[in-house]
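Let me begin by presenting the structure, written as structure tokens, before commenting on it.
Order of writing sets the labels: A, B, C and D. Residues in every chain begin at 1.
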Amino acid sequence: MNISDIVFHSPALIVAIPLLGAFLTPLVAKINDKLRNIFAILIALITSVLVAILANDVFSNGIRTYVFGGGEPLVNNSYAIRILFEVDGMNAFMAIIASILTVVAIIYSWTFLKNHTGQDKYYTLILLMIAGMFGMILTGDMFNFFVFLEITSIASCALIAFYTNKGKAIDAGFKYIVISSIGALFILFAIGILYSQYNALNMAVLANSISFSFLDKIALALLISGLAMKAGIVPMHMWLPDAYGRAPSSVTLLLVGATQASLYGIFRITLSIFGKAFNTTGTVLKSATLTGDELIMVSSYPNVISIGWILIILAILTMIIGVLMALKQSNLKRLIAFAALAEIGYMLLGIGVRFASKYSEIVKMNNQEYIQIGFHGYDISALTGSIFHIINDALDIGLLFLVAGAIYIATKETSLNKLGGLARNMKYTTVFFIIGLIAVSGLPPMNGFASKLIIYESTFQLNPIIGIIAILASILLLAVFVKVLHSAFLGPKIPNLKDVKEVPKSMLFAMGIIACIIIIFGLFPNIVIDNIIQPAVNAITNHEAYIRGVFNGI
Amino acid sequence: MLFNFPYIAVVLLILIGLATVIYKRNLIKIVIGITLIESGVNLFLITLAYRKDSIAPIFHGFTASKDNVPFMSLPVPHALTLTSIVIGVAVLALMLTFIIHLYRHYNTLDARKIGREEE
Amino acid sequence: MSGMSKIVKTMTSVAFPLAMIYGLYIIAHGHLTPGGGFQGGAVVASACAMILVSFGSVWTVRKIKEKNLSVLESLGAIGFIGLGFFGLIFGSHFFKNILVGSKNIPIFNEIGQGMSNINTAGFIPLMNFAVGLKVIAGLFAIVLVMAYATRLKEGK
Amino acid sequence: MRLLIMKLILGGFLMVFETISSFLETLSTGSGLWNPLVWGVIAIIAFFIAYILRGFGRKDFKSEKEKAKVFLSGNPELKKEDMHLKSSNVYWGFLESLKWVYNVLEKMHTGNVSDYILWFVVIMGILFIIIGVI
């Protein structure tokens, strides 16, 4: 088996290896506890190496499809009955995020969960959740997407309720499973609607044959609302602080990844499956004798601009409410959870601005009237900022959650009111927290600033008020974390926290990985944007290339 | 018109399920509401698969002469329904486990009294 | 729950093998007739649940450990994914059905003649068995643990 | 000959200019640019200037004297452990002046899973109207 074989099989292996590892874990755990931990780390490392190989290949050679069970993607060039994974730049980009989070979370949980019972099941579930997350990200099939969504949510619900001795943790797990199962059922309903019209579940085939009938629009509404609930958009966000706040920190890190996988679903569904409406630009003759595709193009597309504006409104609500609620919290993890909510708003804002910047106007050429459809110039930069912010948010919020977990391990306290003066004993943790603070509140020179700057500028061109609100939310975010810095790390030593010790090395190592990536991304944003973000943006805005990935040469 | 009855039933089931989830405060009843929505969606998928005078999509002995072969109903929605049922079982088991745990902690199944204690 | 009356226990002992055989039949013929790993597994697991109800959870937990069930469940899942890897290593793709049409599975070839030959689907019956094992172990473990947990509450 | 030298010098200038401008434009955002390294240099210069300004301060200031002591409206000074501001007291004024907002927000976050689903249905209805009808 040489390297080209590994590249060829990597989309399947990225999902299959964690899945196999998940079910091997209970057997390995029979031998030794340490061996089980090493085994889990090994699985995560192998998976992320495969992701790196795959991403490298996709960024240089374009879309890669993998058909399960062999054969061509289409039977007789028309029926798409085989399950396939289709990996373009966006998928590879999301997979990179997921792999970073995976490795860090598993290394972190080595000492974080020491002396806890039920670690065998913890590692099984966490590997299962990773497999589900990668499946959601890489799949090219709608129903497969639903299945992996459910795998991810079932595994993560069980993990949220890991502290079974606390009633609130179980309550959070119950809320999350109710929310996610109802959201997923409506997504399944929408998939059924799409299947009933086009006899296909394949995303590229759907994107090719979509005709924007009334049922399609209903399906679009169902898909967007179901995935928005899974991604935690206000006002469907209430499960998020509960779930993020009650879960163990290593699980929260992966939950951030799962949430972003749902957000990726919104991106993929709007920009690829419904890409004909959301991506198309061009000029169409405006006369009484419109036929075929041109007629569809003008008359029956969903109103992209109003969808964009509703997304912008939801994003603004998400930012404002997230940050205002974060300001009031006194439980550290709950506070960071609300801040994570505000960060999600920025990503949604970027995509909303892209949709809202679409225009259609009547132009006169050669004595004939044409309808011109296009985007204002700032749409691509908005999308770039939004996609860049996905990886930044995962890193920044992830680092802060890890710091919160470290504080919990060191002091056994979750409430900020009982903390103080930790900087005197936990030097490294404090440094990591300050890096996270600067990054998450969008201060130079960390990575958060680079992506937020792009979002501010493009948003400001659409409507100055939105840009100002985005900047204001960012300032409030800084205020939120300055409060944490003040009340947890600064100040005199609190009497009952006198003999707090620095957390073990493996946790510091996990935080250090993320902190290093944050600093590198902050200092060289151009390299990141050119090599990772730009291919992702090009891939997600080009639905025709996505269709060609399956309709090979037709 | 007759063929639309299943779809009406689907919408009714989903609406009843949503109403149950929204208006009931008992955790068990919330779970029942979710299973109602689930069966509505499953019924929808099964209805999609139906063709008039169709047979089950299984391996049978008919040869390739096209005149006598009856339609098969679509096999893909059946597979989808089965998968969705399997997932539904897993979700149901997990939810009931959570409810058992919650009942142990709080001695009640009222959603308004669960998870309200101060830390 | 400490078990039901003697009549119920006896009838369960009679009915249990029948239900078990029916479930295993559904698993084995999953690729020919409606059914398969999950359905047959659910039938067998309900037979096991019948034992649980009639003999009581305490008795059943003493006989069958939940740990062993979860090992069985893992084995089922590993079998399923391992068959997928088998296709990758010896064939061309993950889940490639390389055994279809070949007569390489030892016992299966002799069962059934012509149309009803059971070895017509290559990997699929093997996968059905793996899924069936997983479903039997998984569902029975769920029911067992739930029954045992609620028993503790009643005892208080 | 002279022309050649002129050309060489001009070419050299152009090359330097191009390298500088390409170095500056690490992240062009359409209407602006952002370079963390330049920012870092400027930040160091700013710190340097601040340090110089600090040098102009009075040298005869002694922190042990009476004027450097804490003055709490005549109240006695607290112990060091008690002086730490609790996190729920930070931003008290902000929270107090925005109480009406927080009252609404608190009412929103009921903690009942049924209300979460209700919000989902509401948003789904709005999206139905916006996507399907308009």
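Everything below uses one rule, namely that a residue touches a chain if its C-beta (ideal position, glycine included) is under 8 Å from a C-beta of that chain, and two chains touch if they have at least 3 such contacts.
Given the structure is predicted, the values throughout are model-derived calculations rather than measurements.
> Check every other chain and keep only those touching both chain B and chain C; list them.
Per touch definition, common to chain B and chain C: A.
> Please work out which of A-B and A-C is bridged by more C-beta pairs in contact, and write that pair.
More contacting C-beta pairs are found at A-B.
> Express in whole angstrom the distance between the two chain centres, defined as the mean CA positions of chain A and chain B.
28
> Compute the distance, rounded to whole Å, between the mean C-alpha positions of chain A and chain C.
Inter-chain centre distance comes to 37 Å.
> List the centre-to-centre spacing of chain B and chain D in whole Å, with centres computed as mean CA coordinates.
Using C-alpha averages as centres, the distance is 49 Å.
> Determine the centre-to-centre distance between chain C and chain D, using the mean Cα coordinates as centres, and give it in whole Å.
Distance between chain centres: 59 Å.
> Identify all positions of chain D at which a residue touches two or more other chains, and write them in rising order.
Expected reply: 111, 113, 117.
> Counting only residues that touch at least two other chains, what does the list for chain A look like?
Each of 174, 178, 182, 242 in chain A touches at least two other chains.
> What topology does the chain touch graph have (line, ring, star, complete, other)?
other
> Please name which positions on chain D make contact with chain B in the complex.
That would be residues 111-114, 117-118, 121 of chain D.
> Residues of chain B touching chain D in their complex?
Per the stated touch rule, the residues are 18, 21-25, 30, 111-112, 115-116.
> For the complex, which residues does chain B have touching chain C?
Going by the criterion above, the answer is residues 56, 58-59, 61, 82, 85-86, 89, 93, 96-97, 100, 103-104.
> Which part of chain A faces chain B closely enough to touch in the complex?
Going through chain A, the ones touching chain B are 81, 143, 147, 150, 154, 157-158, 161, 164, 167-168, 170-174, 177-178, 181-182, 185, 188-189, 191-192, 195-196, 199, 201, 242, 331, 414-415.
> Which residues of chain B touch chain A in their complex?
Within the complex, chain B contacts chain A at residues 14, 21, 27, 30, 34, 37-38, 41, 44-45, 48, 74, 76-77, 80, 83-84, 87, 90-91, 94-95, 98-99, 101-102, 105-106, 114-115, 117, 119.
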